[in-house]
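A, B, C and D are the chain letters, set down in written order, and residue numbers restart from 1 in every chain.
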């Protein structure tokens, strides 16, 4: 075990996979100097052929990733902020998600698109989206959103070593939280949720950076209300470990999904839809989504902050599923 | 009343709104000759300044729409197939959906993006997507998907006359179905669902081109099983008439949503999530989604056909919510 | 060749490389095969045998054949919705092509892609894009892979005059020039983007766009096989030698419909009969045939080539027609490698 | 001017139009105001008063001022993440600007946009884009609207050398040339795209990209106000006269950080101290000041301009600091006009 920040875990994963397989290449805007630290030192270590700064041309970077992967490389593309996935969306939605299918399975596309996402840092509407839904909906793209350092490393390694296109959502925030990371070749499989807490009173599914407020909410619920939740980290949105969620709801009968997507067609909506179908028999209360309202994120921090799911909203949602009211805040 | 095909209803709406307001302009690829017939004759009628063929440059067409609208025009852009929304997605997701918000409301953006969508015509994966979810999730874009000629006309007129960006999903198929269209200045408001049938046994929500198989399913259910469904056409996905759906589910306790989006994070998922929250108390059975499985659409018709919601799948889903089994097909 | 140039008539320029008689004969064979395959597919469409309409390559054969004759096994080609010709120019499998266009089980893409997506990695066809211009990024990426792998491979991207308006072209020129990628960008300017004449959607000229990136841009007569071959040679060689990209503009003409179904939906003509007839007089096939005759190839030899092409097309069409449809369940195995969708 | 040209030193060319003394003085005032506002915002950031880091315009003042001096009320300007200068060059409101950058209620965008989105329609600023290159489409659309409305308006797009790599630039050149849109594309080549030197991400030259579309492309010294003004004049006039677009490349330098926070996260330098110092010797402000002195403007007059700019900045900063935050509920009224989100 080693204590690593999220960004270092990302960096470790990149180093290990680039060491392991020389077909792995990395390109993107400013990956050499690395504003966030995730790709720091890679250029020096692996040289200018394998690690390349690119012009600001998201439109073609995604298509290039497809071509380079189809022609035998393992490609990591840093797309910077998730909003720039929109800018390069053709290469993802029309090409990466479909080329294997359209060619009758002739090709493997080992591509990892890395992006930062989410709000809370006064970055303004064009740098703060969490566009899980459009990617999850494509069908042909794996979608990964780790919540801690160990999974960040293990999932990124799985993405790079895998043979399918993946969008990897880096938890935002410079450097990120510290966490214990297992030594050695630590891989985390796709499609297996983590049960972060096993409580039994209600099921809380929290995605990516929403795990932090969800953990805080779980503490408050336990301490203040004596409510012990099952807290589930899906880790990968595609593939999705529906069974882990359903198993928990089968015990709790209650579901709250915490997701930084905007509400309509959010990932939270989809989890609720799955449970409202396959898990309906065990449901004992309305399913709650704690998401970003259907607005863009503003710059002014006091206006931005309440839009992003926070412990208070999560606590209130869980209590509502239990038919209880939050205590008046002092 | 006049009997008009869907494509003619579109054309009528365009003619009327362009007659009514000379600020309305139309551009896009091959809008002059009009492959689908929707924009036919407009160039001749309104001249080469207001109706313009553009180069194949979706990337900038969407951004141009924003600029032209912000500078005082009412803009209709034909984006051809819905898959090309991906190609020009930056202008929609980063610009059209956010410019008003980011400028503190300084601007109105009267933009209508017209697209054809959906499968069933052996057009292949890059011409057959139904990307409702990514648009619905943006928050700042109205999403319209009419099912019949009258609404097609009325909703398109509302979109063009409105002051907000709208993606208008034209029901696919050349020419389209016939339908009765009211005479005069026929406008259909956004956010008001249509109750196509009032049955009471189960609620079926069917979107856009899925209304046709849903109607067929409703017939079969009535004739063969004695089941009378509430059939709801939301007409606009954003804004969404949640109340109409909830009112129906309050009576029926059963929900089936028919949507040509791929399943994960589909519009169907969102409707289920809303009902699984606000309508939970009245639910008496698992909520069913009849959608496209999480795959791309293939070219070979026998492989494509079963992927698209059809009356059989809808009938089976409705019966399942009623705890009944379909009769063995002869 | 470092600047934009339209060669006057280089195929007659004795200082330029000339194909040998055998090379010419081989290229002619491919061109004839493409022509007969396309005509047959046109007939098959008219006869209602195809699931969808098709975009045929008739009139443009010299482009694919002249360029691909310069390629080697292992080189990559990104193709378009009008891609049957590119595939056949890469020694494609005629039956597999027909079966694909018919949407059948033994199509090269198992019936999943269809006419606009005729891709065959075993022949270096790295996707045929129905997103106009979508191949540009893919080819640029393939060129990057080729550079990494250092085996002298090159990537060629075919795209239309319509596609040249996509911003990706500029992005590709920039990146490929900066990184000296082994990329040849081949614009087949066939006069139309669907029904829009090139001139109404293209400012300046396509070949001249290269100069702004310090990339050679060359325009030649795309209906003249020798010119195409002569322009492609140095471009491919330059790429292979690690000297970076070239933009070729091949000026040709689509003598058939944009899509075979167009007469069914167009309400007015978009070009004159005279224009089409005029271009037919510049048909690329007879020009090569004449040259071969002049070089002493007998008429009956040439007729045999033609007959054999017809036979292959007819045989493949019959094969495709009786080939089974794909099993619908196959779709679930194709989204991901080794992973459920 | 129909081809790519770098003027040697046109500001000294007596055959070119020269600004009057008053015009020059007015432009100088704007430049000084921008400089002092930016310095003040830099200090405010360092003092921890801003919600986020800022991209300052220091060193580039001649670009915005020289171009905008050629504009009229009603003309449109699409701006960038480095947009404070463009706004002030359009006679922007200093208090409204500060309040916006502070994220406050009385900011020009009500605190919703912040520093990278300093837009003010009343001054013709049609959005400031934090999507690099995102203004290109918007300006092209505004130019189309201007053409439709036929009032001689023009649209100007400012964008960086980094943004020039976005394919949108080629798309805009093509469409604007075809339709003769009243568009002036102004690339401020300040040497870097974030931390990537222009040369590593730009093949050929930016101004020369215009030629491929038959559009004039001109590169001038962006640190020389007169040169910028001289290049912008004909470009704006051409647009206004309905003759179509022009691409200007203004070669300048960013003497401050890419983003004021960069020293906090960069692990290594991306340029030398000498390079920055060298460019400081070419600071656009003293060059204009010298000229004004030579034209007889007294030092104390010039000093007063400077003092007044400082005062305005300080006053606006103090205003912003005490201005209330926006009411969080305001967000729900801003997604749509007259419609709930």
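Everything that follows uses one rule, which is that a residue touches a chain if its C-beta (ideal position, glycine included) is under 8 Å from a C-beta of that chain, and two chains touch if they have at least 3 such contacts.
All figures in this text were calculated on a predicted structure; none of them were measured in a lab.
Comparing chain pairs B-C and B-D, the larger number of C-beta contacts belongs to B-D. The greatest centre-to-centre distance from chain A, using averaged C-alpha positions, is reached by C.
Chain B and chain C have Cα centroids lying 36 Å from one another.
If you average the Cα atoms of chain B and of chain D, the two centres end up 41 Å apart. Centre to centre, using the average C-alpha position, chain A and chain B are separated by 29 Å.
Averaged C-alpha coordinates put the centre of chain C at 44 Å from the centre of chain D. Contact with two or more other chains is made by residues 109, 111-113, 117, 129, 131, 134, 165-168, 171, 174-175, 178, 200-202, 331, 334-335, 341 of chain C.
Annotation for chain A: residues touching 2 or more other chains are 54-55, 57, 59-60, 83, 87, 90, 94, 101-102, 124-126, 139-140, 294-296, 298.
Across the complex, chain A meets chain D through its residues 29-30, 32-37, 40, 53-60, 83-84, 87, 121-127, 174, 293-296, 298-303, 305-307.
Listing the residues of chain D that touch chain A in their complex gives 51-52, 103-104, 109, 111-117, 129-134, 162-163, 165-167, 193-196, 200-202, 265-268, 270, 325-328, 330-332, 334-335, 341.
Contact residues of chain B toward chain A in the complex are 59, 83, 86-87, 89-90, 92-94, 97-98, 101-102, 124-126, 129, 131-134, 136-140, 238, 240, 261-262, 264-270, 272-278, 280-281, 283, 285-289, 294-296, 298. Residue ranges on chain D touching chain C, taken from their complex, read 165-171, 173-175, 177-178, 200-205, 208-215.
For chain C in complex with chain A, the touching residues are 76, 78, 107-113, 117, 119-121, 126-127, 129, 131, 134, 136-149, 155, 167-168, 171-172, 174-175, 178-179, 331, 333-341.
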